[in-house]
Every structure is written in structure tokens, then in C-alpha cells.
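So that we are looking at the same thing, I have put the structure below in C-alpha cells.
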């Protein structure tokens, strides 16, 4: 199961507003998951949870937010979720809340574990019950097990059993534990909301917050402190001096495996991810794309809203005029009623309107960020063609996606990826464009600030950093290091 | 946690209607629990569940029922729930559905387990997670454990670990297992819906159904076959010859411990419970009450609707005219808005209207079935007094409730029972009636068809059949028999 | 269009609770209409309205009630509605609120106007718009017309144009006008909620309230003052001395035409209607029925809940034992899902459970209040027969209903009345009972406290008090008196 | 009351899909009104209506759309509404449906009538009732009046009494009448959906549709035929040959008074309005703005989404780089929960995210389309400043709005317009920008294709085409022509 998920959490030293912070942070990160949402909070004695399917405001209604704003005096975590059809069961909405021998724990997980099935089978054999079909549930089973409970640091011991991508938040009644896998696949950042007298040397007021993206920090008025390090556990609690503590459960993998697709598509343009701003990066991708694949045309037209940043870069580098010739309908949401067969085309036209007076008889360079299955792109291209464009040149600001992702991006199986097993020419013919060009992998990596080897590019290259086909259930301190050494 | 719960289940040999049967059966048994409801069904491959808080039609909406009516081709079980405040969490709505090493299982439980806490602690020590605060969850943990899984009959082995009252339905993908505790605390009946060609010697069509009460059988057009025996497991599946099989997990306790309060209050008047009709029994209670505690008065007035049957019996035996002088408002439900303090009295008056023209200046015998906390009764009595009754003689068709129930009836703790630690005279003074009489325990038992020793009367007598204060987690074949022998 | 409607209104001299009073009063009168509900209120400057389809709590939700409780400082009126299919449009939910040259007015109407169509046609010819299909709308058109507006008393002039049954409440920004037609077809009562210092000679505190039934007065803690007289207008306003004033728009018709069916079926048992208590009256009807139509049997069985009062009277007079052998399911409401054809019978069985152990092999006298179409009764009788009754004798506590009502009771057209054009023997055969007897018209009227001529018995006798076939639109002071004189 | 409203209507010659066409058309025009929505349809015998507050999918739910798709075989009209607080009553949601002497009529109105109050007073004096507070209601009162009904063409006679802006749709049971005021203030276009065999000379299949904007035609697959002419009535009905007919109720005003603000802000970028494409026009406005008010800066930054088109033009003309430095949150809708005072700022930050890495230390030219009250703009500017911009130069692609609109755009009263009575320098100081420039009126008009005199520019210039202060209720054929002659 491949999921796109997101989480945010905060602990507040002196005001009972962790519930409100979490609500705001989830809203700011709604782009990371629209299928389900949830919040868990603690008042220092009990942990409670509220989850549901739908967008943040569908689930976190006014009464729920008011309730958690009052209740969650000692911390709260939240989650938004997107998943493939198979995993969209209501029971999979996070955070999960469970009771175990150590009390209550709620969990929110961004990423994907490759050894979840193996762990689950082990636990079932030992008599454990499973309540969801999510990979995340096995994290709590690990934590609850006598093996980990007898460890000096049950949380660290638990995390060492996990293989794959995880930015994790655990909410206990008295603290939040925020951890990131040793490869740093998914982002996780730490921020600070200043207290009223938050001066050096003072006792801390204010609040510590963690979130997937810095855009959530911006919204709650927090300043970016640093990333949670790969292999690190950060504890937030106002029962510890300064409200924060750090330890490692594993050494950071060398090199890291940051998901480059966060920059291509996933993250918010205003966020800083893996040390660089997303919007700036996307403009660079467009510039590089113009350099790699120039073409004579009248206008550069962004595919809204995903292709806009790269289109701005493309237009700037190519010197070809940018025209906003495709206009999205902001009101068409999930509630749209499928018309009968005869009116199916209307549904497509409702989502996008092409400005015929601009495109008629013109040669267009359409810029978009990526192509996954290709069906939506094909329908849009047809609509632009019908509006009268004389030539359509499609430019994509990343390489062809040819391999499934096992680390948290919802890429379909190989069969469903339009570029898997097809040449670029075959894709071009399928889409019905006059020319098609993708950004090269080198081009993509050249726009990144960190060393090329620090990014996971498996969906483009097939080069998986860990063995996804032979997952184990062992504690992975050693195997992990073996992998490190092997590189 | 003391819960009033109810369940129903059915397996249908040749038509995909187990979902509809369960819906109808739950509706017919709505009186047994109004807090939450749920259904689980199987199509032979997967088990699914839908639960929620509220009445049956709130939870089992049209689309849900239509869905399960199509889906649940291989069996379905359902549950309605009532519990005290502490246990009213949404996560406690049954059936519970869990995955374990043997696959999926859903459970619906009527009764209460006295060793649930002890079992839970054991399991938590072994690393198990708990998702609810219900006693029922430990049944599935037992079932999933290697100890039971390695047994020849894991279900039977599981049940032998349970102490207390349980009428249980387990839905596996291919069958329903229906079991009743060795004492027969709670009712559980087996019925049959005839098939089109349901002749002796033929292969079975039709459907087998189990339910708490015969009224559910009536509604689905099933004929009463027999009670599920104390200590028996009945399997319903159209994969076994005849669609039904029976085995024992323990010998029946001798004597049984049928809950006599089912006849006083809990069960539906049209049901046959523990071998006798409830309505007829309640009339008998009223007749006996008239004989034990006669009083000069103008009218016998039933407290609607709970006291009506006994009032009919009382009037018949005493020769005093029955008058329907108290009229309930059928429309006042849970959605009533609390008026401000000044209008609080209005809320009481909305629920019951007293016919002033009947009661004014008259001596009344008010007949009700039971008094638990006494506050509601006190408010009603005040209202009757204000309507002008000159004398109010209250007659209750069971003995004073002085002891908590640990077997599935939601009696408050001892402190909250008005009769606990009070004389009848003290209760009379509290309620403000001119005279108060309860039916004697002997009188109550004299109206029952089975031998007096076959009934649990702990709430009246404090005579608990099993050791509720020292629960164990062991398999209870031997201890159980010891208890039998001890008597 | 024949509607069953009900209304309540109140004006409060010193506390902003008219909204809450109206809510409570509607709840108490929910039995008079379950199709739609609504409230209108005034804060002295503006009149607002809220209506919707469904029961009172469906429409008057917590936020609506809280809102009107604050807002409606100067008076509020409410309405519950029941109508035939044709008239069940949402736009017909009352109160209606309109603006006219005199400002705003809201109206709630109980009854039915026989000249509504004629008035409507007149107004349409004059260019008026109609927003509903209700007879009530023409009352406001009359009021707004220059002819009435130029009158000294526009409300009185308006009412003189109305022919038929009306208990009307008009809410203006500064007052409520409550009026009743000259024949007094429908009930309308005046009550008083005492103020804190409500002594003789003092300025009035407290509140005046009007309602269809005294049961609404009971619920809001008001004492019954008197009926609103036929032909009278009562004004409630805290801008007039004492808070109340009275005038006549027409002399009372002699004799009156009180709807006798209010006592048979419509009104609440705890209400006093036309000067006598409903429950007491119904018991009398049963006694008289026993005297008129005795039969040898084992038990008298009430058809719940409609036949219970008469059954108590029948049993008392006949000396035959009363048994509660039919038990209604309190939870089956409008939300019940129609099962497929095969399970249709289940729906009937869900509504009523017959206690087989009581009825099996017995001769029963089933007592009910009335039969309209007969189909529901037929289905219930079949169910009782299937439960094993050896003889079923049906006794009805009113005469056969053979004529439609034009004065506010939703009796179907003549074709749909089972008794219209059929002998009692034909009805008996249709229902499948062993014997059938109705109460005679003389018997019915002998149980009424007022002179027999004071009641409208048109549905039984066809004797309509006014000419329903030739309605006029003239002011009816003279014609009315002609009708009086003619009698 | 100033309202922004929008409508769409269609009549279908051979398939029962007018309901679906209307639904799609409303969705496509959702940008014209988000407060309420509604649909009315006819099956040839009855007209029905469904309205409600909220967005199109909130009101036109799946069951409503399916219902009207089946029902509205003979035509349907729809409406979306936006209004100021005072007029946001639910009763004002259009279409209105009324009955009158001629039968039923539903109405949907885009625009604003300046003589509505005068007409209403006249009608109230004549005894008419008003159900809404909308100016639109008086159109139906006119139509229903004997004066108009006795005319040869009641609809035309009605329209001649209206003063102000109106694009109107009237749905009768057998036809739609679509009319546009003589000045052509608001757009109204006619389109055609081709039938299967829609050849010249054939009997017509397909459907005629009218809508405010061509974008609605695009969505339903209709081709643009022509504008409905100022002063024209177009009748759509499949009972007339060809399905369409045209007549005039008044000569077109010379010159016209097309609302220029449609191009600045109101209309959809993909629409063709008053003969020219909106997006192209907006780019031109930006180009002209760059020419009129150049400034040295690092980047041109669009204020999303309203300023994007003009920003593209500004960047192109100025040669300064376009950067997408402000990113809107697509998920923040009306359901956002107001945080407590302390978190108010978070709400602003949730709506827009500024990309700090782009703006920090940079000189920005922010381009937006218009400023009304100025408060929202001020808050956004503060946010950009906090993100580190060194200079902020605000450029607005229309002149200062200094006068209220009486013709259908929701401009606040004069007091609430930030530019009314203020110099540009004063507005600049209020907003806190380094420089502020508006496009000149000449500049604006120079971008329009029609002659400058053909546009209404009253909100900028105060030059109202008709006497808004002395409205009359007379038939306006002559006065109208007088006004024409006067020019």
C-alpha cells in the first residue's frame, strides 16, 4: 500500500492551544492528503483521537476544534491522508490510538514501511489483533511488545525494526516523540513559536512544533529551527527542561535519500524542503528544461496549477511569451455529480477552460510538472487541441516515471505508469502532442542544492536504496550499517 | 463496565438477505439498547462492519442496509448497545471486527465478563494492543492467542476462559458461532425461516437465525426452534450439512442463573424468555403484588409504559378500576433541547401528561415495574400530586434493588441505588408517596415457571452465583464444575 | 386540500422567552401534525420565520430554538402540519410570513377554508401573486387589500370574508391576534403563565398564551383561562394594559359546530377540549359501546395506542378482562426502510407484536377508535389471526365515517373511505373479523357534555353546517346570520 | 440592495436534459455568485423550483440534479447569487416561483433595478404581498397586474416598466423568455447545442441555451450564436418553429452602457464578453498599466488569482521578470473556523503563503485588478512586507473606485470605498506601499474593442447613465428615448 500522508504536531508550554496549532498546521498541509484527516490530543492524563474521511474542515469541524483546543493542553498531533483505492478504508484514517501495557499512544506516519507485511505476519502468529490494513499499525505492535518494552528505550528499539520511509509522530499522554528514518526520505522540520518573554537564558515559554513542511510553521507563526535529522528522535514535552530533547536511534545513512519528487510536485511552493525553497527550485527546473529542450513556438502556457512555476522558468529562459491560456475552475471539487455518458465531456470542460482567443492558430509550449498515468493529460491536450491550437509541444519538468515508489508517494504499480516500458515517442503518440520532452535526471539533480547522491530518484531510475524485495523483521542497526558500508 | 447489549445474527442458505434479516432483528430488539448499533457481514471472502452511535435507523441508514443486504451473502450479525456514561465511547460500538492469524472475526456480545480486566492486564503484559475499553475485546485476544489457536477447538477453548454472562455471536467469513455461558444468564434463541420446499428429508433451504429474544424471530418470520443451551456452541453455515451444528464448550451449570430482571423489565412483552411469555408473567406479578400489598383506592393507574402489564394484573386481582391517567408523549426523544433552568419543569411535563380530570381528589394506586435511582420516579410522583391526587400508593412489581449487577444489566453502583442501605419506609419518604410496597422475592419467583433456584436474583438478594471479586484468567472447566458441586 | 394543522402562540410581558414557549407548546402538540413545523417571532421591530418539513425537533433544532429564544422578545407563534400528499410541498409549511402595506405579518392556521379557491381566483384576477398552494395564504391577501386596509378593523374585516373552520394566529411586530371562526369548529384556548408578583390589581407580569389544546398550556406551566370564543379576536401584546384585549368580528353561530372527531381521535388524552377531558370522554365511549354492542369473549384487547382508552371503558362496562395482547414498537418511525417485496410482511410485524401466548385459542374483543381507509386495520387483524385468536370481534368507538371533512381533518375523498357506500356487514367481510360494531351517532353524542346540536358530525352524518359547494367571497356577516337564523 | 447574480437557462428540443444543462452552466458560472443557488424547471405542465444558500453543489445535490434532469423536459433556468449582508436572507435565493392569473412563472435576474422600491410601494398600496426583500420580485408583480395582463404582450409591457440593469430569464411552463435591458449593462448570450442531424433546412434537434457568459456555453458543448441584444426578448420553446423567436420590447439605447468592470474583475477569463475575450483584455490592461506607470524593480509578482492576467501583461511590457511569489491555499473555504484573537493572524497566513526566498530583499511590483475596501489588500501587503520585500510597488489595473454601482455589482456605499474622497497618495499611505498607481480611465477604455462611450464607467467616473435618484414607475418607452436623445 502506497500512501501519501502528512502530519503535524505541537506541544505548548504554557497555553492550551496545541489543538488549534494542529488544526492550522493540517490546514496548511492539506495539499499532502485529501482523503482523510484526524487529530489526537492529550490533557496530560488521557489521549483522545478524532478521525474521519474527507478534507480537514470536513473532519475537524468547529465543535471538534473547539473541543481539542480546550482539551489538548499537553500536546496534539494530526494527519492528513491520501491513499490508493485499496487502502481507503475509514479504519485507516490516522492518527491511530491504542492502549498497551505502557498506557496510551497515538501515532501519525508520513512515509511507507517496506517490512510492514513481514512484521504483521510475525505479530499475528504471536496472537496479536490488527484493526487496520495500514503499514503504520505494526509500529505500535512493536512498541507494545515485551522485547521493546524491556529495552532501555522502547521507542528507539521500535524504530530500529522499521525498514523504509518514515517521519513519525508518537503522542503519549505527557509528550510527543518525533522521529525520522535514517535516510531522511520524507521531510520533517522543527519550529518554535516564541513565548512572550522568550529571551536567551529565560525559562522557555512559547511552543515547539514539528511538521512535514515549513509552510505549516509559517501559518502558526513559528520560526524554522532545523530539520529533524535522519535517525534522530526529538522529544517535545513541557515536563523536560527547555521543553525539548534529542537522541538518536540510528546513525544517519550516508548518503541520504531525500525524495526528489517533493520538489517536483509534492511539497508546497512556499516551503523550504531539504534546505531549499520549492518554488525557486521549480522555476529552475523550467529554466533547465528550456535549455535542454527548446522549441519554436508562439507562447509558453502553464498547465494550472501544477506546471505554473516551471512555466515561468521556461518562459524566462526561452524568451517566449508566457500566456495564461488555461483557466481552472476553482469550484469543481469532489462533490461534482457525474453526468450521464452523453455529458461526460462536460465534466472535463468544467475543470479547465481553454481561452480560445489566445490559443487559436498558435503554436503552444505546454509546461507541466509530471505525468503519471497519462489519462488526465491526454484529455486536457484534446481540449486544447479542440480550442484551435495549431501545434502543442509538451514539456515536463522531471524525467519519465518508470518505477513504482515504495517510500510514500502514491505511484501506481508499474503497469499503470504510462512511461513504464514505453519510449518517449510512444508516450508522445499516446498523448497526441506534436512534441514531448522530459527533463533529464542530470538536469533535475543539477537544480538541487545538495549533492546528487543525496536524493532518492528510484521512480525515475529504478535505483532503490534498500532491498525492497526481501524485507526482514530484525532490529536493523547492523543491516542498516551494512547498507551504509556497501555504498 | 455494565452494559445492556443485544445481538442478532443470521445465516441464509440460498438468498443474500442476511443483512436485511439482521437489520429487521435489530429493529425488533431496539428496546435492549439505544446508544449505539452496528452490523457485520460476510460474503464468504471478507468480513465488513459498520457501527455508529444512535438508534438502529441512525446507524443502519438506507444505503448501509441496501449495501449489507447485497454484500452479506454468507451471514451477518448485529448489535445494539446501551452503557453507562464511562463506556459510551464511539469505539465501543459493536460488532468489533479484527484481523488475527486465523483471518477476520467480528463479535457481538450480550452480557458482562467479570474477568475482563484480569485478562486484559495479562494480554497487555504480553504486548497486545487494545482498541476499546469494552470487556468484549478480550474475547478476540483470547481467540487469537497461540494457546487457543493451537487447541483443537479454539472457540471452545476461548469460551472456557470467560467468567460471567455472555450470549456471544462470532462471525467468521464462512460461518456464525453462537454461544451462551454455562449459567444461561442472558437469553439466546434459535429460530428457522422455512425455505420454499422445506420438507422433512429435503436439503435445507430457508435460514437459521439466532437472537436474544423471540420477538426478533417473529419479525423476520422465523419459528422458534429452541434456546441455545447454557454451555453450548451452535454453528450456522451453509457449508455444513443442514446448515447447523452443535457442540458444547462446557457442561451447563446446575442450577442455571437466568436473569429474572429480563421478566421484570428488560425483555419485550411479546417475547418468550426462559420458557415463558413476558407479558403474561408481568400480569401475574401484578396479581401477586395486589395479593401481597392491597390498599383501598379509587383507581389503579399504570406508570406508562413500563408498569402497564403489572397494573392490568393488579387491577384484575384487586377489583379496583384501571384508569389510564398518565399519558406519555411519544415524540419526546433524545433530541429534546434542554430549556434554561426556569423551564426545566417543562421538560418533565413534556414527557408525561397527567389527566387532571381523572386524578383530581382521587386515591391512586400507581403501579410500576421497578425503581433504580428513584429520581425519575420522584419527579413523576410530584407531577401526579400537582395534578390533584389526594392519595398516592406506589406498588412496584419486583423487590428493592439493593445490589449491583455484574452480569449485563446497567445497575449503577451500590451508592446510586435508592434502595441500597435504605428501608422501604425511607424510600417512601424520599419519593413522597402515601404508601410504598415492593413485591417480595418469594412472590416474584412464584410467578416463574422454572424452579426458584434457576434464576439469578443477585440484584435483590446479593447472592452472586460466581465469585465476582476474585476473577481468574484460567481456563474454567474445573472451577466451574467446582462451583456446580459446591451448590 | 384537507390539512391537519396545529398552532400555538405566546406573548411575554417581561422575559424574552416567547420562542422557548412556542417550541415547548409545539412539542406538546406534535400529535396534531408530523409533516412540517415552523416558528415565527418578533423582536418588536422585525418578524422572522423558520419552517421546514419533518417533526418539531427536525425543524426547530437547538440553534434555531436558542436563536428564537433570544430574538422573539415580543411574541412568537408556531405550527405543526399534516396534509395529504398533494399539499405536502415544502412551501406550504407554516407560519407564512409576508410583507404588505401595513408591514409584516406571520400566520398560523388550524382548520380549512371552504371559499379559499374562490378568493384566490378573485385575487389572481386582480394581479396578486401566490406563493403556496395552501388555503391559508388567501387570509393575508384579504388583510393586505385596500378594501380591508381602509376598514376600521382590517383583521376583523378579513375574518368576515372567511368561510369554514379556522383557529388563526396572526403575528405582527407588536402583537398576536388570535381568532376562532363563529362555529368554533377547531379548539383554541387561552392560558396564563403567572408572573412573579402576579397579584390582583398589580401590573401584569407573566405571559398570556394561546394554543389549540390545554396540554400545551400544561407543558409551559400556564393555567387554563378560557376558550377563545367562536367569533372572537383576542389580542396579546405587552403594549396594551393587562397585556390582553378582546373584540368580536362576528356573533357566535348558534348552535356551535365543534368537531366531535377531536374527542374520538384527534386531541391529546390529557387535554380538555370543548369543555371536557378527552381521556374521560373516550372511556365513556367505550362503556357506551359495550352497552350497545356486547359480545361473549375471553378478553378485551386494546388496539394500541388509539383504542386503549375506549378499551378500558369497554372492559369496565362489560366485565370482561382487559389484556394488553398487542404491543407496539416504539422505535419504528418514518425512517424505516422498505424491505423488498419478500420481506414486506416484516414491516407490518415490526410495528406491532402480538402476544401469542395470550391470544392463542381465545375469543377477543379488539377495541379501536375509528376506521378510515381500512387497509391498516385489515393488516393488523390478519396478524392477530395468525397469532392464533379463535374469534375476533372488532368494536369501534365512533360511527362509520362515510363523508369527507371540509373543516380540517384529513379524511380522504369519499371513494377512499372504507365505510362510504358499504354496509357494516360489507366492511366486516373486508376486514375479515367475526363481528364488527360501530358506536351509534346517538351513543357518541350522549357522551358529550354539550347539547348534541353543538357538534359537527358531518363525517358520520353528511350533515354539513354551511354550504360547502357554493362558497362566496363576500363579507359574511349577513350570510352567516342567515345561516344562524335558518337553524 | 446591490447584488451580484448570475443565471443560465436552456430549453431542449428533444431530450429531457435541460436540468443537467442548467446544473453544468451554473457550475461554470459559480464565480459570479457564491451565496445561494437555485434551479427551476418545467415538464410542460408544472414549474418547480429548488433553491438554497451555499455553493452550487451544496444546493444542487445529486438527488436534486437527477430529479430535475428527469423532470425538466420543457426547460429550466438557474441562478447563483451574491449579495451584501442585508440582502442575504434565504428567501432571496432565486429563481423565484410564483403563481398568478396566467399560471406559474419562475424568474432569474442578473442586474439591479433602480425603481424597485418605488414599484414595491405602489404594489403594496394596491394590496399586493411581498415574500422577499429582493428588487426582482417586483418584476413578477408587474407581470401579474391587470394592466400588463390586458396588454398584447404582457412580458414586453412589464419590461418597459423596469429601470436599471437586467438580464432576465422567465420560465413559463411551455417556454423561456430571455430579455436584456436596453443599455446592455449585463452580458447575456445565446448558444446552440447541435442536434444529431442538425443540418440546414432540417427540423431542429439540439437545444438553444442562454447564459450570462460564454464559458457556460463551452461547458455544455454549445456554440456561441450571438448576444441577446439590448432591448430584445428571445423566446426559447420547442413549441415554436425552429425552437426560437425574437422580438423587441424597446429600442436599444444609443450608446450602450456595458459594465466595464466585467472585464476588469467579474467575468471568467475564458469568456468572451461584449465581443472580446476577457483574458486577452486583462493582459492588455497590464501592458497599458506598465506603459502608464513604470517603476524600477526586481520582479513583477501577481496577486493570485485576480491579478495574474494583468501581471503577465505588465511583465511582458516592462521586461521585468515575473515571479510567482505569492501562493494561495486552494483549500481554505468558507468553512474555516475563526481562531481566537491571538491566532487571527494565522487565518490570514492560511489564505496566502509568501515565498520568502523569492521576495527577501527584493523590490516588487505587485499587480492586482482592483481595490474596493482596501482592508484585505492592506493585510496582504503587510504579509509580503514581513516576508522581507525591500520595496513594494502596487499597480492596479483599473482606476480608483469612487462611486457606488446601482447596476448589479456589489460595491459598498461610498463610505466604504477606500478611494472615495481620498487621493491616491492617501490610499498609498493607508496600504503602506512604497508606490501606488492605478490605470487611467482613458487607458482602461483604450483596451476595449467598442467605442469608449459604449461602456458604463460610473463606479470610476460618477457618470450615471440614468437618473438613479428619481426613479419612476411608469412605462419607460418615452423617458428612455428621451435619455437617448439627450445624449
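Order as written gives the chain letters A, B, C and D; numbering starts at 1 within each chain.
Here is the rule we go by: contacts are C-beta pairs under 8 Å (C-beta built on N, C-alpha and C of every residue); 3 or more make two chains touch, one makes a residue touch a chain.
Keep in mind that this is a model prediction, so the values were computed, not measured.
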Relative to subunit D, largest Cα-centroid distance belongs to chain B
When centres are defined as mean Cα positions, the distance from subunit C to subunit D in whole Å is 49
Whole-Å distance, C-alpha centre of subunit A to that of subunit C, is 62
Separation of the C-alpha centres, subunit A versus subunit D, in whole Å, is 39
Subunit C residues touching 2+ other chains are none
Contact graph of the chains (line, ring, star, complete, other): ring
Residue set of subunit B touching subunit C in the complex reads 17, 20, 23-24, 27-28, 30-31, 34, 55-57, 62, 65-66, 69, 215, 218-221, 268-270, 272, 276-277, 279-280, 283, 305, 308-309, 312, 315-316, 321-325, 327, 329-333, 335-337, 339-340, 342-343, 345-346, 349-350, 353-358
In the complex, subunit A touches subunit B at residues 98-101, 124-131, 133, 140-141, 144-147, 149
